[in-house]
Amino acid sequence: MSGARAAQRAASIAAALLASLLLLFLLAPLAGLVAAGGAGGASQLFTDAELRGSLALTALTATAATALGILGGTPLAWLLERRRFPGRSLVMALVDLPLVVPHPVAGIALLLVLGRGSAAGGALLALGLRVVGTPLGIVAAMCFVSAPLYVSAAREAFGRVDPRFEAVARTLGDTPWRAFRRVTLPLALRGLIAAAIVMWARAVSEFGAIVILAYNPKVASVLSYDRFTSFGLSEALPVAAILALLALVPLVALRALRPERGAEA
Amino acid sequence: MIAASGLGARVGAFALADVTFTVPRGGYGVVIGPAGSGKTTLLETIAGIVPQTAGTLTLDGRAAAGLAPEQRGLGIVYQRGLLFPHLTVEGNVMYGAADASFARMVADRLGALALFGRRVRGLSGGERALAALARALAPRPSILLLDEPFGALDPRRRARVRREVRALHRELGITVLQVTHDFTEAGLLGDVAILLDGGRVLQSGEPGAVFRAPASPYIAEFLGAENVLAGEVRVLGDAAPDVMPGEPSTTAGGHRAIEFRTGALTIHTVGDAQAGDGHAVIRAEEVLLSTSEGTSSARNRFEGTIAEIATLGALTRVVVDVRGTPLVAALTTRSARELALAEGQRVWASFKAMAVHLC
Amino acid sequence: MRPRRPPAAPPFAVLVLSLLAAAPAAAPAAAQGGPLVVFDAGSLARPLRAALDSFARRDPVTIAQESAGSLETARKLTELHRIPDIIALADREVFDRLLMPDYVASYVEFARNRMVIAYTDRSRGAATIDSANWSTVLLAPGTETGRADPSTDPNGYRTLLVLQLAERHYARPGLAARLLAAMPARNVRPNEATLIGLLQAGEFDYIWSYESLAQAAHVRYLTLPPAIDLSDPALADRYAEAAVTVRGAGGTDSVTFRGAPIVYAIAIPVGAPHRAAAERFLAWLTSPEGVRVLRAARLDALEHPVTVSARPTR
């Protein structure tokens, strides 16, 4: 009897130990980063226009990329979760594919369809929209590498909502779109917000694919690389530290949003 | 009105097949079947939530095949209510209601009005059931589909809510199709009983008729008939002691005197069954017990010993061993006590020939 | 004294032991012939690989080679304190500026290179471009030319120097500015490898590159007059007439680079873990056989390498 209890205690201790180790592993480098460069970064915000511009550009492009991801990814996630159609598993696997592609390769791949030699790229150029070397290219690169994360998590969020809720709403007179808007969406909202956060964070941290498409203007990740290579660690740390500190704000704010927990049948 | 003809549907590996029945406009249909028989799938197919793969379905004269769920004018109440968790009870009940005052009236009669300000999360099972019923009725549907809606209610409230539902059903002329696994409830409520098993309709018709004349021994047992005896049917000709000399042995309806042999027993009945192997069904409620032989009009009278007595509240179930064949009788507990029945006691079990159903 | 055991000993011990066991795996055994760690500039990757493989056939060593931009490579020593056995850069200036005397006591100038314009069959004007009309082709509207970032890659500021030398050489005032305007910020990439990739993908018609890189990538390239392409040590004074100022540290300082022949330099840094093996390699590399191997790998190796010892040059 005490043997079983002791085994349980040992298991709890082991679990707590492993959890703390991982947490430490994740937080310690960041804490070190902020300690080393936080003050410098904060003061540079006032003096360094290039840094301010870079941070603003990063926030803007990441948000734009996330908005695009939500716009197209939400219906895609809903379809993949709710509808069975031939080739569904294949589509799900394909949506995950951008995640495994090395980032510079992703950048080259995007070039092939959005570059000036491609059909889409040529058409955009004719409209006066240049992709390579512009914020548009940055948004494209960010979206490509991070949208799969949104779709995946959004699918899970929809999966947690009992499809019978939608069915009941339909019998009460709702068209499919109304039922989605009034019932499924509010119940899945928490999961969708979490998915958007993950996508946004991934977009902000992207480097390899962005460098191919648009090195200039420089987003924060490119700027910190540039400063590291040109001037060294002391120059790069403040950029990285202030990026981490500023990114904390939207991350915390969004996590603090607590829409109604859904799907209790 | 709900009219299904050869209706078929499929959900995953489960299939409904060849479902045929009719619930008249303003009628109350009851679907009875064991777990996994497809009762919920049937309701969902009628609602249009599950697409039909075969046959025809007509709702109030309109072909359902081309209609989306929101166009069918029906309401559905799932077993656990399935209230929208992000809305209050009021939000749920008013969800599809066009006429707010009507909705409130319905909610009030069902006892859900008092719950209006509450969040779904804190409701008890019974309260959820009331709110779900009110929500389904608030849009004033012409057809109502109920999936075991009264299960979570305590007996007193259950009786009251059943009454209200029946009253609303009559006042508003709604066609109701209710799923239940409680046979007595089916008998109390329904105009039409539909027996469902393995996705197929075994039998449908007026509840009393179905109960008294199950189409097969399986259905009989299914419906809770306690005495289903296998044996042999012998049709008696003019030489039967039942028939007066000189009179025809066949009644006007084609019914003849029949002898049914099972084990050591010979049971007398009247019917149109053919000679050969078959089953005799006698409902326990039809079996009378007596502590003395006596005389009565009951054609079948057997002496036996009480093997088992089980009392459940006001009802007592007595198993009598008649020469190796068990016969189950259902009495009121009061009667059982008045007769001072005890295990091992010698009793006479009797039932009329008319109480025997052959299938 | 009785040894004391921590309460949750078994899982904890396993954890610690596995961490310890993993650490040496990252730096395989420093036994005899243990791995030679080589940091080199991107444009030296292939020639040095060939040289290292050739050397390893006669003097067995395992090799760990890392290629990056010249400045980035130098930063590995100065900022990350990772000391290799061999460091080879595309620009001796980086040695002078960043590595001498603390990290490198002396270096050897062992090969030279030249600036070229690389292009493909699909490039606009590819059919007609030559060493006389190249500036006109590059300035044609709709033509995209790529260059490296001066802050991160010597290739970058060398391109700017070449533009100035060209203006002088062809006696066309304003040419450098116009050519630069035709290569705006969006055509800048951090290193040569990315530029080659974009050229091959058809996004750029022309890129400014090193001859060795263009040859290694098997792309067509245009050779320019020695007066402007930084290839000839004899023209060092001529080259020095061009100067480029690049943003410095902290956003306020600036650094001025003067034109100089492109000379690859190689060194064994202070505190190299396998100095003996590194010295054997360096000796071989600067021998006739080493020179032959490098030239076969399309690097313009110097007949007589020059050793430069630590002394301030600024």
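Going in written order, the chains are labelled A, B and C, and every chain counts its residues from 1.
Simple rule for what comes next: a contact is a pair of C-beta atoms (placed from the backbone, for glycine too) under 8 Å apart; a residue touches a chain by one contact, two chains touch by 3 or more.
In this text, all values refer to a predicted model and were calculated from it rather than measured experimentally.
J.: For which chain is the distance between its Cα centroid and the global protein Cα centroid smallest?
T.: The most central chain, going by mean C-alpha position, is A.
J.: Counting C-beta pairs in contact, which chain pair has more, A-C or A-B?
T.: Answer by contact count: A-C.
J.: For chain B and chain C, let me know how many angstrom lie between their CA-based centres, rounded off.
T.: Their C-alpha centroids are separated by 88 Å.
J.: Round to the nearest whole Å and give the separation of the Cα centres of chain A and chain C.
T.: A distance of 35 Å separates the two centres.
J.: CA centre of chain A versus CA centre of chain B: separation in Å?
T.: That gives a centre separation of 56 Å.
J.: Please give the residue numbers of chain A that touch chain B in the complex, ascending.
T.: 162, 164-165, 167-175, 182-183, 186-187, 259-265
J.: Mind pulling up the chain C residues that touch chain A in the complex?
T.: 7-8, 11-12, 15, 69, 71-72, 75, 78-80, 122, 144, 149, 151-152, 184-190, 194, 197-198, 201-203, 247-251
J.: Show which residues of chain B lie in contact with chain A when the two form their complex.
T.: These residues of chain B touch chain A: 44, 47-49, 68-70, 72, 74-76, 78, 80, 82, 84-86, 95-96, 120-121, 135-136, 139.
J.: Tell me, which parts of chain A touch chain C in their complex?
T.: Contacts found on chain A: 10, 13-14, 17, 21, 47-48, 50, 104, 108, 111-112, 115-117, 130, 132-134, 211-212, 214-217, 222, 225-226, 228-235.
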